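Here come two complexes built around chain A, the first alongside chain B, the second alongside chain C.
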Partner chain A sequence: MPAAESGNGKPLPILVVGGGIAGLTCAIEAAEAGNRVVVVEKSPCLGGRVAGFHQYFPKLCPPPCGLEINFRRIRNNSLIAVHTLAELKDLCGKPGDYEAIIRFNPRYVTAQCTMCGECSRVCPSETPDPFDYGMSSARAIRLPHRFAYPAQYAIDREACMDGCHACADACRYGAVDLAQKPVLEKMRVASVVVATGWAPYDAARIDNLGFRRFSNVITNVMLERLAAADGPTGGRILRPSDGKVPRAVAFIQCAGSRDENHLPYCSGVCCTASLKHAAYIRSQYPDAKITMFYIDLRTPGELDHFAAKTVADTGIELIKGKVARVQEHPGSRDLLVTAEDVLRGRKITREYDLLVLAVGMVPQTADLPMGIRTDQFGFVTEAASGIHGAGCARFPADTAASVRDGTGMTLRAMQSVSAGRES
Partner chain B sequence: MTGRMGVYLCSGCGIGDAVSLEGLAKLATTELKAAVCRTHPFLCGDEGLALIREDLASGAIEAPVIAACSPRVKTDRFCFPPGEAPERVNLREQVAWCHAPNDDDTQMLAEDSLRMAVARLGKLSPSQPLAEAVSRKILVVGGGITGITAALEGAAAGYEVLLVEKEAQLGGFLGGVKKLYPTGTPYTQEEQGGLAEKIRAVSANPRVTVLCSTRVVQTEGQPGMFDVTLENRHCSTHRVGAIVMATGWRAYDPTRLGALGYGLPDVVTNVEIEKMAAAGTIVRPSDGRAVRSVLFLQCAGSRDPEHLNYCSSVCCMTTLKQIGYFREQDADCQVFVLYRDMVTPGPYEMYYQKVQNHPLNFFMKGGVTGVRRDDEGRLLVSADSSLIGARIELVVDLVVLATGMVPNSADNEALLSLREAKKSLERNPTDKQRQEAVAVVEQLGSLEGSQVLNLAYRQGPDLPILRDGFPDSHFVCFPYETRRTGIYAAGAVRAPMDAALAGGDAAGAMLKAIQSIQLATRGQAVHPRVGDDSYPIFSLQRCTQCKRCTVECPFGAIDEDEKGTPKLNPYRCRRCGICMGACPERIISFHNYSVDMIAAMVKAIEVPDETEEKPRVLIFACENDAYPALDQAGARRATYDASVRIVPLRCLGSMNIVWIADALSRGMDGVLLLGCRFGDDYQCHFIRGSELANRRLENVKDTLERLQLEPERVQMVQLAIDNYDSIPALIDDFAARIRALGPNPYKGF
Partner chain C sequence: MADPIILHPDTEFIRDVTRGGGADMKKCFQCATCSSTCGLSTENRPFPRKQIVEAQWGMTDRLIGDPAIWLCHNCGDCTTRCPRGAHPAETLSAIRCAVIRRLAFPRFMGGVFAIPESAVAMLAFSAILLLSIALLPAPSPGSSPLVFAQMFPKTRLEPFFFAVSGWVVLALTVGAVRFAGALRRGGAEGPILSNLVPALMEIVSHRRFAECGAQQGRRWGHLLVFSAFVGLAAMGTTVGIGSMLGLMDTPIPFLNPLKLFANLCALVLVTGAAVLVWNRLKDRQARAGAVFSDWFLLILIGGAGLTGLLSEALRLTQLRAAMFFIYYTHLTLVLTLFLGAPYSKFVHFLYRTMAMAATRQESSSSGWPITRRRQSPATS
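== the complex of A and B ==
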């Protein structure tokens, strides 16, 4: 049987759902091995969660550095078609020949955009910026973030004022098109890689830890934004309540993880991430006191070096035990943490001015079409088909593991392309 | 490139408001001899692009120079087939957006930027891609679960695979394992792993040739054309295009764990327990009696600077599984686990919870302080377990040491030193050299024969390793980065991992192997300069055999003959240009990147004479990190000193110090090098580029001394891509220091 081919006689492409680090790795690796690839990413730009991080562990290096190289690889490769603001709505078919229904949501800004920024300057609407987890506000029309790829503005239409067209008027290049509508399109693909990534567990669901009730209780992903140069504080880690420098910071590990009422599994990355965050704090505030409440310090493989070095460098106090209760001092907004200290067999109460909840990873697979199988937690499971999970959609993974997985799953996806060629 | 050139100026995005485009147009058509010069308010729009296309189509020009935004943006718009991306002048991010509008200095910067681009264009030569015949066969070294999986995955993608195993049969460590711990949903049931089926499948696969009892004696050549000599009973040579190294791991040597009781009867390792379980019932080795109580000691020789200074990441799960072996034999068996941290990441947590919930399994955080044997042959383990209060002593029938994984890799650097020392001894050395060489041979002689791939490379016989012996990538975002192009490590030799992860890792490494073959077929570079078809060309008649290029290439691409003449293996080359930067004779160049080209760009910069009080600062910027950071500073409308002239380099390691000497002897006042962080946590994508550039600055000091110039005129700064906010102060401070030093006395010479 000949290869399943698209109308113009070429082998069918691989569909990659999700343009975070795993998905974009898949797309690039597949294309550099000679395959056509279509990437659909539901947000306005590629990069996913890592684009919002300050640094990677264990090297403490900035994510835009690797993303820059990856975006250049995409720019230079004509085999990759990137569709942002696009979602997979339906999927049917068999390995080697699937039909995917893709919804293309409007960007309201065309490829004519030069990124000059005039539109943002005249936009009258401010909206909480989801890239900063709501810690800053942004204009309705904006570049999603500093190093965004594609380098093209987008409009958050829900944030627009009724009837406003200030941006369209201001754009000298005719790049604003407020009349755009969503479009559904069919696409034939040989195989599918589901790389829809993760979202941080909703910390507001953990009653006893005070998130949302107390302004100085933040999550680990929020701390990344506070530390990032392009974040809401220009890279300075400050208390949300009053913008003051924190003097005593506590990390609460397994916040909503390893807990049957929340996420029963371990997200595997939060221990190393919190140690990295301790390093951020120490580099800005050499005198800050840092405590970590943990159950097990999980820093597998060579990450153990990073853990040992960071514990030594930061002077972080490690307390094995679960936090029972967090209370807020009404005047100072400082936080009172009550926890068990398992190793000393006692209950302790401590005061901190900033609390960081190390929340876990929730796979983003709930909205995927039927036929993509997941386990009891929502992670995509291995199936003998042309549909493959990659990265944090498949298991909780750090960046390097996501990239490795994305690379491996690329080969599996390629096999479906060539499977079409054989009998 | 000497053809007709056209200059296209964009006045959009504020460029026209900041810079006189009439001035630039005049420069283009007179001094720069542009055949055509056009200005458009929206050059990347359809109408603007049509102007350029028409001029190309009519033959009015052969090459456009686009003076508009950064070359990092609008690449999909400004691309005119065929051939390479057009020459770009960054008038927006690095001129109009970051310098005072309508200012003399800003205008001079814009003009110099155009001059530099035209100079660069003038030095481009046509590409002559490599086009040798490439083998599509892939060698997999190691027939454990990683190697078997790699072979099956590669075959399923349509590639021929040669699978080589040093033992008499396939299977590796997994061959002796009773069962595997759970890796799939619901994550609580042990698994069989399917090794036997995989061995059958790989043995029967028509695309896979399996060779057991076979060693790699030598690996010569380069990606696409490795010639591998294998020794079975006889030697045979096989041509392959790429290599996956899946040589697995061995258990840490337990005889070094005497302090934990190893050597006493009934103190065994997890590896020994696995063998006993696979063979039948586990009994006390000393007397053959049933095991009624057992203690597992986690991190035995792991996470310990005296032993393995890392976590092997599988021992906790293995212990949980092995607890099951005892439980199956005896429902009432008492099990104790003494741990530091139970490492059961991801859904593996479910298995930990299941085992932990059994009433006869006791998990305690603590460290062992001693293991003794009493008169009745029972083991007394004393431990510091703060969990149940201070010191405890446990009496058990059996102690299991959960030992870690040691990679089956070779220490390339040490083997290289050993080889050099032996060569030195053969060469009639001086007494001092002989002493040194003898010392090296004594120290490292025991490594002889530990080679795995036996690469016939000038830079050593194996993959370079990281600190704990794993030939892993140093990069978080590029975990399959390799310093030996076309050779990829996978599985437990690359990093400690279990069979489930090793399967995925095998697929990843196989994909990279396939990709390197694909790119070699097209004569193109692999990551990070994927698709680049340039390669260094050596003018050997001027070579002085100084060996700098062969020593400094981070990828071992250049071998040398007896005399030290370099011999490039272009398919190993990653096109960073570090060899070009290293060469004191300047004999190395690429068709699209050369010492001559950058020198011409430097020469194109106008240097005002000293009475004008307009210093000139030359910046060499790494194009991967510093250059985007400079763009970002512009995008944020940060302003900085307009005396700078920015030249992007493929890697700061490609900087040849002759450019600095040229710049200073032409009267430029200072040179600033912006490269990536180096040291242990280096960020240079070409491994050592920025470090080597920094080292070369030592030689620049001599040049400065000769010219009687202040050493402060040349400085290197490590600048990460997200350090854009520090750029204005960095540049302004440097420019201020240069102004304070006064003009370079060589101006006007």
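== the complex of A and C ==
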């Protein structure tokens, strides 16, 4: 049928927005089932948040191996077209036949790039590295991270100095093209899977917990980078103010979550993530004392086994009671934490040298075109259409659940393709 | 296994708290953000988290004997931080009202200021009482210059107010004895009487108000009203006794030091009440949190001060048309304040003082000395 086929008689492709673990899974599953798939990813490389993790729970295995397998499946499948630095700007049409407007942002580095790194060495602009949540700095031209796919440099133009072309001059392969411009392109697709993922809640907005004001207050995603071998400290968990080994670490659960002043919902993963982080610290520093301040320890389903195993470690103390007061010692930069120990009915103040805020997940759907419906919190809602949410764009999820959801949404997307074919 | 605890929820108490400003208390999920935020809750007596769950369950006996509900100065920091909109500050305020009701003597008077209907009835009752003093039998015809005694003869008004005061003191005493008993049953060990002086010294400083973050203006407003009240109470008692014994004659001349001091107190009272009203109006949180009984007391106090000053001004200018009516209004407000003292929010002066005395020796929350709220800019 003309409405559901592209000019050459093939069925229209599935558009996957977002190249994180949910989007990748969905794209690969759909392609391996014989569908054409287009993946658009806003950043310069695939992998999303998962690429920055040190280890997955509950098995505590590293994410690169899972991602590498997915990248290989993409490379081996001619039905998948991946576009990094590409955004969905507009969408109209009906299930089975949508018209999508895609904006292709310039990378300023062509496929000639051999990753020799000469450009980075001469680049005069240093910018806080978003991959390390600002804990390290990076050059404006760089490989986004160690195992970025596609393995190609990119330029963060906003970090560039005006009129600078040091990198273009330094590149022996002529791979730097500073004249590139963004391009808008129309594309017909049968269905859309929105897998735009999540961002950590902005902890600076929780003004009573001292993030950004006190240097030794960090977030859970920052701790993940501190523990990662390719992170700012080479995998050693050190406190930011003085690079010392932390002896006493506190985790504040629900930092901004289940709170109508911030994120009213439970992200469902932070409790297990903090237990995992406690395990990181305990394995690096067997003498370190760890306290988790929680409202309810939520480790659903099979994660309960992981929780029980981790909590059995006597170095981890659980205190029911949310922290609302944090003070910093001006000299030592230690932190004084006040909470009510609810189960003992006493108010306590304790000193820690590192404080980790377990912040929740914010769905990244604000910049999506109209027509993609979201609920009051920004999560993509189920609509009787060819538009489907997957992974953390649809609900707060851990990696395993995102993978399952990506797989599930493959079927929904394929149904739209066949609906289009039959119309 | 420990012995089971059998709860007997007092549903009437739950209803009182719900109606008195604690309507959102059931939203509380016991995260204890409030107790952590509160600058006044102590190591041994964290509040208001525990008190909210006790109110949810209608555990009246525990709450009546809990000094913690009185240690709260209702700054609203906890409500600002509450992640559930459970309004802990307002709930605690409603708990205090419900407890006042249960300590009241006689008991049926307890709820008189809880709802507008009975509060207005109380005002009307005061007005009628005073009117009967003024009219029965008819006062002597007016002579020049006009004095208030022509409407309210001293020979009736003064014994009347002393009788009322006696009654109020009795009611307060019974309430205090009941509260002391409840405190003991609740486990507050501090010697109340011998701690009274240090507790009063602390009240004079209004130090605890300084711990509150959300509404700093309240400290000064309350301090003004409090000081003026102490001054006026002392003055009123002195002049009343003096007049009854024939040592003084009212109206006291304007330039008499006693009169000057009383006028100063009245001005301070009105200013303080205005500060408190202004604070409540400009702060959305405070406005939403204030329940009827809060407003009623404030209006009563401010109104009594204002009409008192106005009466004096009208008497000095001999404005016949208005002076008697304004004075009558003034007396009505003052009488309502008197009669209602043991049953309104007003009685916190007694129960809070006792609670502070009974918990004086208990350790307070520890911290670095440098981190007292007002002294360190690095504090959250």
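In the analysis below, the second predicted complex is superposed on the first by the 418 of 423 C-alpha atoms of A that agree within 3 Å, B and C clash if a C-alpha of one lies under 4 Å from a C-alpha of the other, contacts with A are read in each partner's own complex, and residues count from 1 in each chain.
Keep in mind that, in the parts below, a contact is a pair of C-beta atoms (placed from the backbone, for glycine too) under 8 Å apart; a residue touches a chain by one contact, two chains touch by 3 or more.
This one's a predicted model, so the numbers in the text were calculated from it and none came from an experiment.
In the superposed model, A:259 lies in contact with chain C only, and not with chain B.
Ranked by how many residues of chain A each touches, chain B and chain C are led by B.
In the superposition on chain A, contact of A:77 is made with chain B only, not with chain C. Applying the stated contact rule after C-alpha superposition, one finds that A:415 touches chain B and leaves chain C untouched. Of the two partner chains, chain C is the only one touched by A:322; chain B is not. Looking at the shared chain after the overlay, A:332 reaches neither chain B nor chain C. With both structures placed on the common chain, the touch criterion links A:347 to chain C but leaves chain B unconnected.
Of the two partner chains placed around the shared chain by superposition, neither chain B nor chain C is touched by A:137. By the document's definition of touching, neither partner reaches A:283: not chain B, not chain C. In the superposition on chain A, the residues of chain A contacted by chain B and by chain C overlap at 258, 320, 342, 345. By the touch criterion stated above, chain A contacts chain B in their complex at residues 21, 29, 32-34, 54, 56-70, 72-73, 75-77, 111-112, 114-116, 146-147, 151, 172-173, 228-230, 234-235, 258, 264-268, 296-305, 308, 320, 342-345, 375-377, 379, 381-382, 395-396, 399-401, 403-405, 407-412, 414-415, 418, 421. Interface residues of chain C facing chain A in the complex, by the touch rule stated above, are 29-37, 41-44, 46, 49-50, 81, 83-85, 365-368, 370-371, 376, 378-380. Within the complex formed with chain C, the chain A residues making contact are 207-210, 213-214, 254, 258-262, 295, 320-330, 336, 338-340, 342, 345-349. Considering their complex, residues 12-14, 41-42, 44-45, 69, 72-77, 153-154, 156-158, 184-187, 303, 309-313, 341-350, 353, 365, 386-387, 389, 466-468, 470, 472, 474-480, 495-497, 504-508, 510-512, 514-515, 518-519, 526-528, 530-531, 624-625, 628, 632, 635, 676-677, 681, 683, 685, 720-725 of chain B touch chain A.
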